[in-house]
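One structure, as C-alpha cells, below. Some questions next.
So that you can tell them apart, the chains are marked A, B and C in the order they are listed, and the count of residues begins at 1 in each.
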Amino acid sequence: DTNNTNIKLSLPVVCFVWQLSMIILFGVFVRYNEESDTHWVDYRKENNITSDIENDYYFRYPSFQDVHVMIFVGFGFLMTFLKRYSFGAVGFNFLVAAFGIQWALLMQGWFHSLDYTDGKIKIGIENLINADFCVAGCLIAYGAVLGKVSPVQLLVMTLFGVTLFAVEEYIILNVLHAKDAGGSMVIHTFGAYYGLSISWVLYRPNLDKSKHLNGSVYHSDVFAMIGTLFLWMFWPSFNSAIADHGDGQHRAAINTYLALASTVLTTVAMSSLFEKTGKLDMVHIQNSTLAGGVAVGTAAEFMLSPYGSLIVGFFCGIISTLGYIYFSPFLEEKLKIQDTCGIHNLHAMPGVIGGIVGAISAAAATNTVYGDLGLENTFDFTGPFAKRVPTIQGGYQAAGLCVALCFGIGGGIFVGLVLKLPIWGDPADENCFDDEIYWEVPEDEESVPPILAYNNHMIPNKHADM
Amino acid sequence: DTNNTNIKLSLPVVCFVWQLSMIILFGVFVRYNEESDTHWVDYRKENNITSDIENDYYFRYPSFQDVHVMIFVGFGFLMTFLKRYSFGAVGFNFLVAAFGIQWALLMQGWFHSLDYTDGKIKIGIENLINADFCVAGCLIAYGAVLGKVSPVQLLVMTLFGVTLFAVEEYIILNVLHAKDAGGSMVIHTFGAYYGLSISWVLYRPNLDKSKHLNGSVYHSDVFAMIGTLFLWMFWPSFNSAIADHGDGQHRAAINTYLALASTVLTTVAMSSLFEKTGKLDMVHIQNSTLAGGVAVGTAAEFMLSPYGSLIVGFFCGIISTLGYIYFSPFLEEKLKIQDTCGIHNLHAMPGVIGGIVGAISAAAATNTVYGDLGLENTFDFTGPFAKRVPTIQGGYQAAGLCVALCFGIGGGIFVGLVLKLPIWGDPADENCFDDEIYWEVPEDEESVPPILAYNNHMIPNKHADM
Amino acid sequence: DTNNTNIKLSLPVVCFVWQLSMIILFGVFVRYNEESDTHWVDYRKENNITSDIENDYYFRYPSFQDVHVMIFVGFGFLMTFLKRYSFGAVGFNFLVAAFGIQWALLMQGWFHSLDYTDGKIKIGIENLINADFCVAGCLIAYGAVLGKVSPVQLLVMTLFGVTLFAVEEYIILNVLHAKDAGGSMVIHTFGAYYGLSISWVLYRPNLDKSKHLNGSVYHSDVFAMIGTLFLWMFWPSFNSAIADHGDGQHRAAINTYLALASTVLTTVAMSSLFEKTGKLDMVHIQNSTLAGGVAVGTAAEFMLSPYGSLIVGFFCGIISTLGYIYFSPFLEEKLKIQDTCGIHNLHAMPGVIGGIVGAISAAAATNTVYGDLGLENTFDFTGPFAKRVPTIQGGYQAAGLCVALCFGIGGGIFVGLVLKLPIWGDPADENCFDDEIYWEVPEDEESVPPILAYNNHMIPNKHADM
C-alpha cells in the first residue's frame, strides 16, 4: 500500500514548462511602469514631481520588504513545527511562493495594470506587493494540507489558486468597489476556505497511520516561533502596504499594531484557562496570537479608532484559541476536514470577522469623523462611485465577503477534485508528515551505534543527534 | 518542597482584566494624531506640506519596524540560549511586550502626547516607537530573572516597570531637558538596575538545585545568535528611530554602526584572552558584542565623530566581557544578585557609560563643531531652554543618569518586595529554568526506547531527539 | 599530527592592534558628510532642498538595513549547515564582517569620498552600504575555506581582501567607468575567485579525515534556510541599494525580484531531475536558488526588462545546480580546489554570467528604449564620459569583468601563500569542520549515560541531545 511518490518526471516538467511559459508571457505582456522606467526623468518633469523621493517606490518599499519576509520566512517557518516536515514546510513554501508571484503579476496585471494604449502590463512596486499578497492566499491554503500532498499538487493548487484570487479580487475591489487593504476577505477568507475545501475533498480516513509524525519536538517549536514573530511584527506593514499614501498607511499600521497586541493577551489567557494545569500550549501561541492581524485587515485603513482595534484583537484571540481547542477536533471528526495547521482558526474565522468588521465600520462612517475630503479619499467615492454613501458601501463590503467565501469554497472543491486524480505522486497515509518522501534527509550519526539500531528500526524517526 | 505553580486562575484573570482595562482607557483617551487621521488632507494644506511623503510615518516607519524586530525577535531569541527554557524565553517575552506596549502608549501619552484642547492622547508612529522603547526596559529586566519567575510575576513587573519608566523618562527628557535618543539612561540604565534590584530581593540561596538546566546546548546557542544578530544589526535603527529628522537620524545611525563594529573586535579579543586555550565563549559573543550599541545611545545624535564612536565601542567590549568573566560571579556570590542573562554586563555598565559619554560630549559641544543652528537644533535650545549652554546641558545630562539609577534601584526594590508575596506561582528552586512548569512541552520520541528509560529518569532533561 | 591551534595570543593581538589602528586612522581621516553633519541645516538652505526627507538617508536607509541583514544573518546562517561548525559559521562571519567594514570605510573612502579641501573622508549612509558590500566579497571567500582555517587566517584574508576589493572597485567603476550596481563583477566574481584561489593554495590532500563532520544534520539544514531566505528576500535591496534615486532603485528591485523567482523554479527542477528518485537536495535549495540574484547584479539597473530578468534567473538556476552535481566534484578531484560551501556554483559562475549580461545589455542600450535623458542618467554619460556610447560602454563592462577575475585569482594566490605560513593556528586535517577547536562547546547531557559512553568515544560527534 505504498503510493508512487516518485516525482522525478512530473516536478521538473511542471517547473520547466511553467517557467518557460512565464518568460514568453512576460516577453509579450510585461513592461516597467512610468516610475520604474528610465523615462521617469521626463515623466517627473511633466507631472511637476519635485523630487525623486515622491516615486511610489519610497512610499512602499519598506512595507514591501516586510511583506516579502512574511511570505517566505513567516509562512515558511510557521509551518516548521512538525518534527520531521521542516524541509517540506520551508522548502515547498519557497517553491510555491516563487512560482505563484510570477503568475500573480500576470493575472493581477491584466485586471489592474493593463495599459490600453499598448496592451502591456506596466509593473512597479505596488504590483510586487500585490503578487506577494496573492500568493499569501495559496500559502494559507497550504497550511491545511501540509504534509499530505506532493509538491506537484501544491503547484497545481497554486496555479488555480492565483487565478481564482485574481478574479475574486477584481470582483470585490473593482466591480463591487469594496475596500480591503489588508485582505481580510480577499486574502484570508478566500485562502482559508480554498484550503479547507481542498482538504475536505482529499480527506484521508486512515491518516492516523502517520500520527507519530504529526506533532512537534522541542526545537521545531522554537523554529516555528521565528515564523510567528516575523508574521506578527510585520503585519502592520502587510495591512498598510497598499493603503493610501500618508494618513492611510499611517493609520493602518497603528490599527494593526494595536489589534495584534490585544490578541496576544487573550490568546495567552484562553490557552492557560483551557489546559489542565494552566500551562500554555505552543500551538495557540504560534497561531492564535496572529488572529487580530487577520481580522483588522479590511478596516485597518478606516477610522476604526485605537480602541476599536483593541476590541477586534480581543475577541479574535479568544475565538481563535477556542477554535484550536474545540472546533478543530469537530472539523476533523464530524466535517471530515483535516486541517494540519489549523488555518480555520487562524485565517478563516478571523477573516470572516474582518470582513464583517469592515462592513460595519464602513457603514458607520460619517463626515464628522472622517471629514468631507477624508471620507472621499478613504473610500474612493470618486468617478463612477462619486454618489456612493457609507451605508451603501457597508452593503458592498458585505457582498465582497460573500464573493470571497464562494470563490474559496467553490474553487477549493473543484481543485480538490482535480488533485484527487491518482497522478500527482502524493504520499501514502503512513508516509504523511515525513520529509523522507520528497527530500534527501541527512543521516543523523547518533542513530548508528549498534546498541540502538534495533530501537531505531522500531521508531520511524531515526534522527538521534538532531 | 514544590511551590504551587498552577497559574490557571491568576494568568487568565490578569490578562483579561488588563486587556479590558486597556480597551476602556483607550476608548476614553486615545485617538489618532493629525498625521494618522483622515483630516490629514486638510492639515497638509493648512501647513503647506507639499507631499504625503513628509508625513512623519515615512521618516520613522523603517526604523520602527527594525525596533519592533529587536523587541520581539531580538530580546526573545537572545534569551533562548538555555537548554530547556526557550519556550519561556521567546513566549513570555512576547507576552510581556504585547502587554507593556499598550500601557506604555497610555502612560507616555499622558506625559507627552496629551492634546489639552480635548483631553485626548493623539498617537502616531513616534508613539509606537516609544512604546516599544518603554517595553525594552522591562525586557532587559526580564533577563536578570529569566527562568526564576512566573508569567504572572513578569506581568506585574511590567506593569510597574512601564509606569516607573514613563515617570523617569518625563523627568529626564522634559524636566531636566536631557537628550537621550537611544536611551542609554532612560532605557538601559533604568531597565538593568530595575531588573537587578528585583533579582536581589528575590535571591534564591538554593538555586544550585536547578544548575543542570542553567546552561546551553549546541542548537540553543545557535538560536540565541538569531537574537544577538537582529539586535546588533538593527541597533542603528534603535538609536536613530526618534532622533531629529535629517542629519540627526543619519548621524545616529552612523555612530551606532561604528560603535558596534568596534565592540565585536574587543569582545572577541577578551573572550579569547581569558579562556584557557584561547577558545571563544558563546556567552560573550552573544552579549558583549552589543555593549557598544547601548553605550552610544545617548550621544548617538551628537557630533561624537566617527572615531569617538569607535572608542566607545572599544572600551565597552572590554568592560562587558570582563564583566561576564569576573563581575558576574562576584555579583552572585557577594552581592547575592543572580543575573541569568548577565544584564549587568550588557545593559547596566554600558548604560551608565553611555550616560557619562553623553554628558561629556554635550558639555564639550561648541558652535564651531555644530554650527549655530546645528547646536540649537541638536540640543533643542529653544523656548524655555533658549538660554541653556552646552556646559550646563552636560550637567543636566549627568543629573538624568542619576534619576535613571534611582528609579531603577528604588523601583526594583519595591517591585521585588511585591513579587516576594507567595501568591504569584513562581517555581521552586529545583524547577527553575524548566519549561515543563508553564508549558505543554512535546514529548520527544527518542526517550522512549526502554534501554534508555532508566537513564532518562536520572537525567532531568528528557529530550533525546531534540 | 595535531597542529597548534592555540590562538590565545594571536587572535587578541590582531584584534586589539587592528582596532586601535582603526581608531587612530578614523581620528585622522573620517568625518561626517554634509548630510549627516549638524551643518546640514545650512547645507539644506544653500542647496534649496525643500524637506529633510530629501536627505540621502531616506532614499537608502531601508535598503541599507536589508543589506546589513544579508551580511550578518544571511551569510552567517547560510553557513550553519554543517553539523558541528555552526558557531564558527555564524560567529566568525560576525567577526570578519565587523572587522572588514571599518577597513572598507577607510579604503573605499580614500578612493571615493575624499574631500580634497581638507583631506578628510566624509561618510554618510552610502558609505555604510558600500562597506557592507566590500565585506560581502570576503564573506563569499570564507565560504570556500569554511571549517578549514583559523579565525586569525580569516582576519588576514579579510585585511587583504578589502584592500584588493577597494582597488579593483576603483579601477572598474571609476577608471573604466563600468556600471555594477549589484556587484556581479566587483563583489561576486572577485570574492568567489579570491576564495577559490586561496582554497587551491591551501589544498588539503587528507581532508577525508574529517569527512564525518563535513555534512549536515536535520536541524542544521533548517538553520541554513534562515540564511538562504534572508539573502533571497533582501537581494532586491542589495542590487538597488546604491542604484540611482527614483527609477534606478525601483527598476533594480523589480529585476532582482523576478530573476530570483525564476531561479527557484529551475533549481527545484534540476535538483529533482538529477537525484535518484526525484527527491530534492537541501544543498541546491539553500544555494542555487540565489544564483539569479548574483547574475542580475550588474544589469539590475539597466532596462533589462522583466522577461530579461526571468531569462537570466532561468539559466542560473540550471547552471548553478549542475555545478553542485558535476562541477564541484571535478573541482575537488581534478583542480584540487576544496570548496566547502560551493561558492563556485553560487557566486563565481553566476557572477561571471552577470558581468556578461551587463556588458551585452549595456552594448544593446538605445535611445529609443532609454530615452535621451534616461540613457545619460543610467550610464552617467557625463563629464569626461559625455561622449561614450552604449557599444563602447559594453566593451568597458567586459573589461571590468576581466579586472575582477584577475584581482580575484591573483590576489587569492598571493594571500593563499601568506596563509600557508605555519603560524596562523589552523586546524589539522582531522579537526576540520569542528567547533571544538576554537569554541567552548556546551557539553550535551545525553552523551553522559554510561551505556553510550563507549559509542560516543568512537564517534567524534558527542552531542546526543542536540
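Quick note on the criterion: a contact is a pair of C-beta atoms (placed from the backbone, for glycine too) under 8 Å apart; a residue touches a chain by one contact, two chains touch by 3 or more.
Note that this is a predicted model, so its numbers are computed, not measured.
Rounded to the nearest 5, the angle that brings the Cα atoms of chain A onto chain C is 120°.
Of all residue numbers used where chain B meets chain C, under half belong to both copies. The two sides are thus made of different residues.
Look at where the CA atoms of chain B average out and do the same for chain C: the two points lie 32 Å apart.
In chain B, the residues that reach two or more other chains under the touch definition are 50-51, 53, 58, 62, 219, 226, 451, 463-464, 466. Of all residues in chain B, only 50-51, 53-54, 58-59, 62-63, 66, 83, 212, 215-219, 221-222, 225-226, 229-230, 232-234, 236-237, 245-247, 249-251, 253-254, 257-258, 260-262, 264-266, 268-270, 272-273, 275, 277-282, 285, 289, 303, 305-307, 310-311, 314, 369-371, 373-375, 377-378, 451-452, 455, 458-459, 461, 463-464, 466 touch chain C in the complex they form. Per the touch definition, chain C reaches chain B in the complex via residues 6-9, 11-12, 15-16, 18-20, 22-24, 26-27, 30-32, 35-42, 44, 50-53, 55-58, 61-62, 65, 68-69, 72-73, 76-77, 80, 84, 86-87, 90-91, 94-95, 98-99, 101-102, 123-125, 128, 151, 219, 223, 226, 437-442, 444-446, 448-449, 451, 463-466.
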